[in-house]
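Shared chain: chain A. Partners: chain B in the first complex, chain C in the second.
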Partner chain A sequence: RPDVLREELLLSPLPAGDVAATFQFRTRWDADLQRGAVSHYRLFPKALGRLVAALGVRELHLALTQGFWRTRTWGQPPLQAPAGAELWVWFQPTVTDVDKAWKELSNILSGIFCASLNFIDSTNTVTPTASFKPLGLGNGTDHHLLRYAVLPREVVCTENLTPWKKLLPCGSKAGLAVLLKAERLFHSSYHSQAVHIRPICRDASCLAVSWELRQTLTVVFDSFASGQGKKDWSLFRMFSRTLTDACPLASQSKVYVDISPKNKEKELLEVTPPPASLHEAVVQGEKRTYAVYDLLSPLLFNTSRSLNVQLKWTRPQDSSELPTPVLHAHRYVSGYGLQTGEISTLIYNTHPYRAFPVILLETVPWYLRLYVHTLTIITKGKENKPSYIHYQPAQDRRRPHLLEMLIQLPANSITKITIQFERALLKWTEYPPDPNHGFYVGSSVLSALVPSIIAMKEVDMEQSPLFTSLFPSSDGSSYFVRLYTEPLLVNLPTPDFSMPYNVICLTCTVVAVCYGSFYNLLTRTFHVEEPSRGGLAKRLANIIRKLRGVPPL
Partner chain B sequence: LPQGINVYVGKHRSALVRAGVGLATLHSRLQQLTQVMSFTSSSIAAAFSDGVPDGQLGPDARRHLKSSLGYEITFSLLNPDPKSHTVDWDIEDAVNRYVQPVLDKLSLVANFSVDSQILYYAVLGVTPRFDKESSSFLLSSHSLPHVINPVEARLGSSAASLYPVLNFLLYVPERSHSPLYIQDKDGAPVSTNAFHSPRWGGIMVYNVETPASPQALFPLHVEVDMVRVMEVFLAQLRLLFGLSREGLPAEFLMESPGNEGLADWELDRLLWAHTIENIATVSTTLTSLAQLLDKIGNIVIKDDVASEVVYRAVSSAQSAMAKLAAGHLHSAFQASKEAVTSSERAFFDPSLLHLLYFPDDQKFAIYIPLFLPVAVPILLSLVKIVRESRQRKKEPTKMD
Partner chain C sequence: FPSALFQTPLIIYLFHFLIDYAEMVFMITDVLTAVALYLAIQDFNKVVFKKQKLLIELDKYAPDVAELIQTPKEMHYTPLKVALFYLLNPYTVMSCVAKSTCAINNTVIAFFILATIKGSAFLSAVFLALATYQSLYPLTLFAPALLYLLQRQFIPVKLKSKGFWLYTMQYAALYLCSLVVIICLSFFLLNSWDFIPSVYGFILSVPDLTPNIGLFWYFFAEMFEHFSLFFVCVFQINVFFYTIPLAIKLKEHPVFFLFVQIAIISIFKSYPTVGDIALYMAFLPVWSHLYR
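Showing the complex of A and B:
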């Protein structure tokens, strides 16, 4: 068969009782999408296939995320995405007008996924030079064929999940996708869904090209919000559904549960029903053990018709066991007033003895005017000069700032990067609705090859499941990590939008009162009037006087 | 010519007519021939269907596809029950062998692109009725319109193109609803088990025989018979374009056009109908643009839009009509296509809307709060002056 579908689900417990579930659906199609005017699709969705063929796309990565992955408490994620929408694309060298193709691509994707990706234009698109290398096959890496854009303000909801589910061959009717019910998925701390399309080698000799579509969905369930305070998790409690069968079109359908003992003494986690097999792998520098449930094996559904994996903590965790990730970062804005400010990024390297370099990519919108002469990088009290800097200044209303740096992080250190900026005054039509909410600055991206403590061997990309990564590792001693910092929310000097109304009211009042009075004074004619017998006020006053016994007026 | 046949229409542009008894019969036969091979008043009315009010059109107007620069044809195989049936179709070979020659012949009319896909777990929106006598499931003709809507959402049409899409669906019913037949209005099952919807496409139901032995291994492997399926789809394609061969008088015999699917004179008729339709569209578009300008005085048409687009549309339309009158069909068709493109560009040009949002009543709303308080005392004193002057006119006659 020319196309193959593999579906996997990974459940990993996080410290503090939360649990993370990562779904991955991989469709590999042994055909060359770039050639031929006619294409006949089976498992690969026609909408994406025609998009890749028509616009000359080499690689496409789109992620829609709600929430933020807390690296310090949850550890390194398998695949992280920044808050909002992120789209980065490598085009084929045959594409002549990359900007036009980029604009068409973002508009078509906005229609397919019901997301406002049509707001991607030149004011939030950048061309990174070092950060986003292609993850699939390809020779020649002219970075002018790469475009990267992030929309931090984008909200992800059910109407983005439905078209994503429609791209799966079995839809949400069979297999692992049955668990994807929107009401439970969005009641979580972190929800990220992504689509990755790239060309890969068809086999080990790499003589022909296949196309791979990877759809991933990561969800973190909070023990307090979704779990009602209890720390026992099961598929039914997480998704309000259990698994009944595998997708008939899938050649592999597995559920993995991370049961690695954190302390090397006792098992931390107990899993029911007992797994058929265990799988050990070195993932992100650590040795991990996984319990495997194969939905395609006939033994699994012998005893009961549905599979409901249950996780129970056997002993409470103490805080000494919480692992700190080797690389994590934090970014914030400081300063006072509405004129100037400072963006600071703190990068932590907690490896005890190895230093490694990290590439930092920052995209700042044009209305925060960065002053590059105030850029300082300080590690352990001393200045740290980056070995590569690429800075592209912004052009008002046309291009954002782009800052890329390669910084060496010494072992066991904190590096602080600060840069000052000035806030610009926008024209009155450029403010979004609700301008006092603030303006978002997209997350910055950190890419690094982190040295691992345990040696990892080369893994076959086809057989290995999701957690051994989308990223190829060059040798066994380090693994690739891409981290995102927090997005920032910055207030710009905002005019008072009710002023035109106030001005009209004030002017009209002044004119009416002053002009009217002056005119009356100047043109009034006086004439004698007979005193009237007394109006209503005088009669009322006389009645009160009579009651008091005082002579009338 | 065989007995009983008096006219034989060839596949290029010629026909053989038997002379018959007298001039009158020859005259009537020639008249019928021109009606078949060339245009009739109803086909002219159908081409102008957008501009003609509804009452005057026959039931066949608005059935044929609107003229467009290109069409996309999508063949989809719907398998609602992948656990019971594994369906395979050799669509690529079938398209190259049967569909591509027809599209090559039609390439003068428009650009065509062909696609295919297989959709799983796609169900028809209608539950079929079980019929005891034939022990099969029946879809009645009045439930057919409700079939299309639920399926359409999954077809994924027009994601990356601007051309209208023609969908041809092949539905393999689930094991619990097999066999499935489509009933026509009289209650008899349709022989080809297919139906088409004008301006959308066609659906065919492909029944799989249930295996004789109950211990058959599921899922069953089904290999679709592409010859039978492509015959039906090609006939539906001809119907969608309006090239049907119904309504022929009994004594006519048409030569079969072979692999290409249509005769030369049918292609000429199609080109002619599309040219007329394009010209009608151009005139409607430009007329409505002119009416819009009359109603809303605020719209400004920029010079380059006017000269490049509007004048070019008008001149192309006029040249198309002149060439039609002269008989040059192909160049008339090209000119009419240019005219339609220019007129659509003019009508949808974004610069037309620039100054639209300053209506007069908003200008009044801004200036009245300023001028009204100033004007009121002046008006009151004017009224007082007029009253006093009238009183003074009366008083001199009294005082004296």
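Showing the complex of A and C:
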């Protein structure tokens, strides 16, 4: 068959009793969307297939996220996305007007996903040169074919989940997608749904191209908010549904539960029902053990009609077991007042002995005027000079600032990057509703090849779970990580919205007074006038004055 | 438009070499301005005194103007007063400390005034072209300079007279040629014409609304988009508009016209600074006899 669907669900317990659930639905289609006219769509959604063919898209990555992944407390995420909406696209070299195609693409996606992606325009689109390399097939990396935009103010809700679920072959009626109930998914600390389309090799010889559509959804359930304070999880607790069968169209449907022991002790978790098999893999530099439930195997639903995986902690958690991810970052804005400010980014490298470089991409809107001469990078008290800087200054109301740097992070160090900016006063129609809420600055992107502590062997792209097959890894000694920092909220000075008429009147009065005085001075002529004897009224007034004893007029 | 810096290419090129001595440069420009004003007013006073003496002898004044007539003793100190008014003005000190490039604008205009009063049409045209190149508004100072030079050459200002048109054409040609030369020089420095919309387009279309002491920013912050072009045009015309009526009224007093024109520019220009105010305030002692 030309198209194949694989669905996976990964449940990983996080420290402090939270649990993260990551769904991944991969549809691989052995057809060449770019070439011939493809008219018969089976598992691959027609809306996206037609989009890729018509606009000459080589790769598309769209993520809609609510919340922020706390790397320091939750560990390295499988696939992180910045808060809000993020869209980055590589176009085919045959596309002549990339900006026009980008605008059309964002409008069409806005319609498909009911998200306000139509707000993507030249003021928030950049062309990064080093941070975003194609994740699929393709040679030639002319970065003029790449566009990246992020909308940090975008809110994700049920309206965005419903069209996302509709793209799945089984919809939300069978398979793992039955768990995607909106009222439970949005009652969480972190919710991220993404769509990735890319071309991949059809087989090992790579003579033909297949298209892969990968839909991922990551949700973190908070033990306090969603779990009502108890730390025992089950599928029913998390999703208020259990799994009853696999999607009939799927060729693989598995549930993985991360039961890796921490600190070489026995398992942390007790899983019921007991898993049919265990799978071990080295993922993001660590050895992990997974309990596997295969929904397509007939043994699974022998004893009960539904599968409700239950996780119970065998011993209480304590905070000394917090994993320290090798690379994590923190960004904040400092300064006082409404004129100037400073953006500071702190990047932590906690690896004990290995140093590695990281590419930092910052996109700052044009109304925060960055002063690049104030850019300082300090590591361990000394200045750290980046080996590659690409800076594109902003143009008012046309494009944002783009700053890309390659920074070497020494082992076990904290690097602080600061840059000062000045805030602009906008025209009053350019303020969003509720301007005193502030303006969002999109997350900055950190891309790095992090050295792993355990050597990873080459994994089979097709069979391995989730996260190892989206990012390519050239050798087993390091893995690729893309991190996002927090978005910033910055206040801009506001004019007084309640008095446009007063302001206009005041300014016009000043001009009119000036003009009037000049007119007067320049056109006034003086005549000599003889005093007249006066009319009747004057004579009458003079008589009354003489009677009063007052001098006459 | 680029958003952080708006300056003409020649100034940026000049500062490439002078950036290490920035404080010295701004102090020297202020001193040069004061010296230029001193020399200009000294020369001007000689002309005024001669004219006043002639008119007294011809008995052209009314009998009770005794207190408005300038005595040689006062006139002796006026140039010094002008120079000190400029140097000791807190606004001048402020713009020197802030290293504002307005000081360079003031220096060029002061040299232009000196050249005009000394009577050299060529130098006056060159300095006026430099001043116009930096910020567009000194274009309006063409009229008072022309009137003064005509007066100096004893050419009467009559629209029918051939001598008047000949001299006007000569002066205008000098001015336009120097302007063209300076712009072409900037083009060769940068190898593109991008600086023209960046500098002049910026001055004329007022995109940046950072608060300053002018009239434009708050008005355009509260303006509807629909009317913005109309009001930009109205405000810009307002600056240039007073030249013709003032030229008609003040054609006998071109230096006073120059002073009023500088004051109008510094009030109505799109991005005024306190340095502009300092320049016209320096001229007040020249006419102190009028408001005794």
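In the analysis below, the second predicted complex is superposed on the first by the 496 of 553 C-alpha atoms of A that agree within 3 Å, B and C clash if a C-alpha of one lies under 4 Å from a C-alpha of the other, contacts with A are read in each partner's own complex, and residues count from 1 in each chain.
Basically, a contact is a pair of C-beta atoms (placed from the backbone, for glycine too) under 8 Å apart; a residue touches a chain by one contact, two chains touch by 3 or more.
Note that the structure is predicted; figures quoted are calculated from it, not measured.
**Student:** I'd like to know which partner A:Leu51 touches here: chain B for first, chain C for second, both or neither.
**Tutor:** It touches chain B, and chain C stays clear.
**Student:** Which of the two partners, first being chain B and second being chain C, lies in contact with A:Thr429: first, second, both, or neither?
**Tutor:** In the superposition, A:Thr429 touches chain C alone.
**Student:** Check whether A:Pro495 is in contact with chain B, with chain C, with both or with neither, and answer first, second, both or neither.
**Tutor:** second
**Student:** Contacts for A:Ile504 in the overlay, against chain B (first) and chain C (second): which applies, first, second, both or neither?
**Tutor:** both
**Student:** Looking at the overlay, what does A:Arg42 touch: chain B (first), chain C (second), both, or neither?
**Tutor:** A:Arg42 sits against chain B, while chain C stays out of touch.
**Student:** Is A:Ala174 touching the first partner chain B, the second partner chain C, both, or neither of them?
**Tutor:** first
**Student:** Go through the superposed model and pick first if A:Ile378 touches only chain B, second if only chain C, both, or neither.
**Tutor:** In the superposition, A:Ile378 touches no partner, neither chain B nor chain C.
**Student:** For A:Asp396 in the superposed arrangement: first (chain B), second (chain C), both or neither?
**Tutor:** In the superposition, A:Asp396 touches chain C alone.
**Student:** Could you say whether A:Trp366 touches chain B, chain C, both of them, or neither, answering first, second, both or neither?
**Tutor:** A:Trp366 sits against chain C, while chain B stays out of touch.
**Student:** Could you pull out which residues of chain A sit against chain B in one structure and against chain C in the other?
**Tutor:** 504, 507, 511, 515, 523
**Student:** Within the complex, which stretch of chain C touches chain A?
**Tutor:** 1-4, 207-211, 215, 217-225, 228, 235, 238, 242, 245-246, 248-249, 267-268
**Student:** Contact residues on chain B for chain A in the complex?
**Tutor:** Against chain A, the touching part of chain B is residues 74, 82-83, 91-92, 95, 113-118, 120-121, 154, 156, 159-161, 219, 366, 369-370, 373-374, 376-378, 381.
**Student:** Which residues of chain A touch chain B in the complex?
**Tutor:** 37-43, 45-47, 50-51, 54-55, 108, 111-112, 166, 169-171, 173-174, 248-249, 504-505, 507-508, 511-512, 515-516, 519-520, 523
**Student:** Using the touch definition from the top, list the residues of chain A that touch chain C in their complex.
**Tutor:** That would be residues 366, 369, 371, 393-397, 424-429, 495-496, 499-500, 503-504, 507, 510-511, 514-515, 518, 521-523 of chain A.
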